[in-house]
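Below: the structure, in structure tokens.
Order of writing sets the chain letters: A, B, C, D, E and F. Residues in each chain are counted from 1.
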Amino acid sequence: MRRDERQNDELRSIHIEPNFTIHPEGSVLITVGRTKVICNATIEDRVPPFMRGQGKGWITAEYSMLPRATAQRNIRESSKGKISGRTMEIQRLIGRALRSVVDLEKIGERTLWIDCDVIQADGGTRTASITGAFVAMVLAFKKAQENKTIKNLPIKTYLAATSVGIHPEHGPILDLCYEEDSTAEVDMNIVMTGAGEFVEIQGTGEEATFSEDQLASLLKLAKKGIGELIDVQKSVIGDIEAIGSAANRSDR
Amino acid sequence: MRRDERQNDELRSIHIEPNFTIHPEGSVLITVGRTKVICNATIEDRVPPFMRGQGKGWITAEYSMLPRATAQRNIRESSKGKISGRTMEIQRLIGRALRSVVDLEKIGERTLWIDCDVIQADGGTRTASITGAFVAMVLAFKKAQENKTIKNLPIKTYLAATSVGIHPEHGPILDLCYEEDSTAEVDMNIVMTGAGEFVEIQGTGEEATFSEDQLASLLKLAKKGIGELIDVQKSVIGDIEAIGSAANRSDR
Amino acid sequence: MRRDERQNDELRSIHIEPNFTIHPEGSVLITVGRTKVICNATIEDRVPPFMRGQGKGWITAEYSMLPRATAQRNIRESSKGKISGRTMEIQRLIGRALRSVVDLEKIGERTLWIDCDVIQADGGTRTASITGAFVAMVLAFKKAQENKTIKNLPIKTYLAATSVGIHPEHGPILDLCYEEDSTAEVDMNIVMTGAGEFVEIQGTGEEATFSEDQLASLLKLAKKGIGELIDVQKSVIGDIEAIGSAANRSDR
Amino acid sequence: MRRDERQNDELRSIHIEPNFTIHPEGSVLITVGRTKVICNATIEDRVPPFMRGQGKGWITAEYSMLPRATAQRNIRESSKGKISGRTMEIQRLIGRALRSVVDLEKIGERTLWIDCDVIQADGGTRTASITGAFVAMVLAFKKAQENKTIKNLPIKTYLAATSVGIHPEHGPILDLCYEEDSTAEVDMNIVMTGAGEFVEIQGTGEEATFSEDQLASLLKLAKKGIGELIDVQKSVIGDIEAIGSAANRSDR
Amino acid sequence: MRRDERQNDELRSIHIEPNFTIHPEGSVLITVGRTKVICNATIEDRVPPFMRGQGKGWITAEYSMLPRATAQRNIRESSKGKISGRTMEIQRLIGRALRSVVDLEKIGERTLWIDCDVIQADGGTRTASITGAFVAMVLAFKKAQENKTIKNLPIKTYLAATSVGIHPEHGPILDLCYEEDSTAEVDMNIVMTGAGEFVEIQGTGEEATFSEDQLASLLKLAKKGIGELIDVQKSVIGDIEAIGSAANRSDR
Amino acid sequence: MRRDERQNDELRSIHIEPNFTIHPEGSVLITVGRTKVICNATIEDRVPPFMRGQGKGWITAEYSMLPRATAQRNIRESSKGKISGRTMEIQRLIGRALRSVVDLEKIGERTLWIDCDVIQADGGTRTASITGAFVAMVLAFKKAQENKTIKNLPIKTYLAATSVGIHPEHGPILDLCYEEDSTAEVDMNIVMTGAGEFVEIQGTGEEATFSEDQLASLLKLAKKGIGELIDVQKSVIGDIEAIGSAANRSDR
């Protein structure tokens, strides 16, 4: 049995609290077991220079951890004066994942900023960030729709992410906590849509390798977990009309 | 009447939630009206180079805001690659204030790190940080005492801070929210001890000046407010024996 | 008796040499005891981005020390690649203080840069910088008036600064030299106007606290000292018509 | 037919030139179509701080492009003063991939540095870097073995990488050139061992998604390509005894 | 006899390979003994801010070494986050030297970027960079002339550079390799034109000095070597009409 | 006639004020016409890492300008967060020049820091810095000798520097002021010893070239000027015994 008495294909308890802080256009506190991330969405009325004049929008993400989100205190990246490779990878992943389910033409020349700030970490912070950020983004776009800033919800389908891995003792498992992640031989982060398609697969065997069969069992676990995460998202943001009709690849 | 129907000498509603996150030795969420700050305390078993070999400890603080703690999104200091002058001033103020009520000899060659992360801002974030940081610090020292890391609580007295200012319409007021702070002619941050002594007075008339009488009325408001803040602190951390006996300047 | 045989309420010898270097619009060498600061004023024909389009000017200050202004050589901030918190605090203080006595509308969309470079330090460099910077600023505005760049002197009143503190041996003292500053229990920097009003009070008890009575005696010393500093300023820049008429708060 | 008349499952022409420059312990110029990368390996007699005292080695990689490796000149990262997120991701990927096939205990407390410098780019620079870096690493370890610095070749199996993707016109294709990469809907980088196991899968649908079937066809292409790449590696570095015996997961 | 059996006034073997990479407007690999530098030229359709509106062009150079261009691995300047003084000096020297033989008016408001990347170093990398950069620049301007971007070749005369020095054993020598450079008492880099005039003389006696006679013999060696280098340049880029007619100072 | 009525071979008025500030071991204000540089020397009881354990000392220099040393205000390098290429070149030149006349073995494992801070600039700041720095250095070594820190003056000979150039109107001239420097076709900085030997020759024809004859006339001017500068140095620091006996190359 896993440390917290979970089955191998069982998610930790998930909770998404909308409107967590008052200022952002969309704000969410996502809790995945003991991992807690504040996801805030901001809509800015311009796009970065490389996107100007194309009549479409952009989505970009930033990720950070409080120094004591972890058991040992981390030095702030603002104090170090630079952002670590790990942070950059995560920020790029979140932005890319969100962009895959948004119709950027529909938001005009605007930027959606997503800020994911981990206030407590116990593994899976990047996948929790994606799952929470999707909800914060939808909340922000809904508000923009109410304000008549945008006409239609630019969301093509739901989006969530989880981690899977191969544990030396338990074998393939879903939604790794920090302790499991530290001992796993293979670690994979998967981002999928509400339509059951892949957006990102990032599998890595740090000082290890994995076979095609192992890959197959990991993908199966991820699919199950992401389905359940999307159910939680739906309980917060409801069934969005635009999502239903857009949830197939052919209309892109 | 002030915007939120407060009297001129009335604090906003104050709440201090202890043990807000699980990893830090001391963790607090302080809420002052709509201002919310996570204050985490970490005890590290060494001191910075300039303090080594003196047999005493050090206290240092870091302060940051989430990008959307405010109405407009702020660029992260980690992205800018440097810390602003404002942040530096606040960090130095928090550290200095805490050191004034701690007997650094009693903690040995250890560093207490205080991290104040503002998750929602509505004025008074630096004073809320000090008030919350004091509680987080005491919690951390209590845990260190329980673990036999330190023998006695090294706290000399309670410590809290608030802002006062001169408002063009209301005159001298206590505990300014962001809107009041923006229009105030004079802005003053005051840090005081449980013994009623001053630790810091930082009064500034940005494009304005103030008289001795005005100063006197501001100090009076601050004294009232800080007394009430310390009552809230006491309701969280209780009456600390070491504090009682140490609460006079003469034993330093 | 104090180290240099001064009374507790006695300033060190003060000298302000105008037109110290040839290039700046205003240039001053201020000597306060053994502390020497070059204060240069530059008028630039534009304002920073956040001030554009408001039809008014801006005043900003930079402060630096030569590496051997002090007994031990300091590493240059340009070599470190970043400005220390102490420098930032001082720069912000000087700028804020000067802005409090200038009518920014009267200078149009221009920036006055003040550069304070300490060539020899013996305590009180920030207050000497303010006192000298005021004179450099007035010289620069006078030249701008002569050149018809601006119409009226935009100065509302005189401005000077000094330090006061509580010394373990001497009690409350005026204008601390470095040695006194290092041993003082309480250190306070005060900026006041020619009209006897406060602009800034920055009192801090590093690892100490102070009472209301102590505060009162410190403020009294500061008032005396600043009066004398303004007399020295007058001997250099004369009585400025615009200052006389503007020297009361009511006309702001 | 693809632009360069390749079949969908056909690699570009591959060439690996050993001993390309004289100073490094291992040096290779790898050419993949028009992509050219210098891969240099350095053995340093110490490990980074976080690895000290564990009696095992470390492998780390750095990646860079000459400014005119590309059609448009890129600003040097040394001029910008910081390394981009893309570079960090690639560096981390190369290091992680190499570590997965090396027995770090066998190299003692030494660091193997891999420097991949792209002198001409036409897509697939990160996978060419991994394929070339593996050869440079083996050359360096062989030299260390000859010099009696290490006893046995610490290599567990061959390692190579390629890209696969889904092209709007051609469907699933192997080894994308820059033009194909720019228009591909899905882009995947795969690192595999000589034993046919996965080390890394990084699949991403920038503004797109992909199905399980598509994933399967991409993995099949990658497997074929990597087999051929390893044949080229063998033609340069020969059959290494240690590799044969170690080429199965069970002996780890 | 010198280490590589050269006479004191003998250059190492020189080779200049044009069109070394495919993307740059001009690309050259220059080999001077064991020193190898890739010199790439880029023409950009704008000038830096300080040159705008003057109707003339600019030439700027960047220089870098691969980490293992040398016997010991160097830390990348992109990792250090700043460019060393040595690199800056070399970059400035290359740019200045090239500008001295180009008629900047003739290239319009364009910038010629020269990138010199040392892939293998054995002394004389800065002078090899200049000699190679001149050829890369001419190739780029020829292409611009063919494309009708510019009308006439803006080159006034040939340009090459070499090092000379005083060796404790051999006396004055031409074209120092790394080992000779390390032991030389005086080191001098000379840049000359096809017309036999000086562009730069940088002679330095690190912990040594030199007499007028020694200077004379060094200049003589340099003149001989640079004449031979220009012959190699001519064999690559041919006799350029514009160069013939412009090769005297009087027409500037 | 030159702007300030000087002959072509005439220095500007030179003044060297010793003991300009109180803290440094050696302190000088050098005035060359309207150029004024504070040169401070510090002796530190350790050497940089690359020099440790060799039983000899090191000399290093830093150079900076006050923002308003010039007609236009310059941005501080501390604000920019990095040191310009020009500053680096000058710093390296000053350090190298001073090291050429010092017997580094005689100072033990100590570092002499030279800080040259230009408070007013009118051309020739780097050569004035060298000439002044030599005096500051000698003063510091004399004090170290008095304190018995070092036994003998480690100075081999006097050292001074000046600029020469070719002016379009006046031809070859000595000691260029800023205006002359801006219009000169060729600009050369020369550092020479009291024994009449060269230490550095840095001649550069920005967008111009020069002949051997022109070089000869420039060197002659420099020699005359440096002789006169050394006379001024002697009037300040006197004839130093160690210098007399060491002033020939043979004893190195």
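Before moving on, here are some points about what is shown:
In this section, a contact is a pair of C-beta atoms (placed from the backbone, for glycine too) under 8 Å apart; a residue touches a chain by one contact, two chains touch by 3 or more.
Note that the structure is predicted; figures quoted are calculated from it, not measured.
With contact taken as defined at the outset, chain C and chain E are each touched by F. With steps allowed only between chains in touch, the distance from chain A over to chain D comes to 1. Summarising the inter-chain layout, the chain whose CA centre lies farthest from the centre of chain C is D.
Overlaying the C-alpha trace of chain B on that of chain D calls for a turn of 120°, given as a multiple of 5. Centre-to-centre, using mean CA coordinates, chain A is 60 Å away from chain F. Separating the CA-averaged centres of chain E and chain F is a span of 28 Å.
Multi-chain contact residues of chain B (touching two or more other chains): 81-83. If each chain is drawn as a node and touching chains are joined, the picture is one closed loop, every chain linked to exactly two others.
Following neighbours round the ring, chain A first and chain B right after, the list reads A, B, C, F, E, D.
Taken in their complex, chain B has these residues touching chain A: 21-24, 27, 34, 36, 38, 40, 42, 44, 62, 64, 66-71, 73, 76-83, 87, 113, 115, 117, 119-121. Here chain E touches chain F in the complex through residues 82-86, 88-89, 91-92, 96, 99-101, 104, 188, 193, 195-212, 215, 219, 249, 252, going by the rule given at the top.
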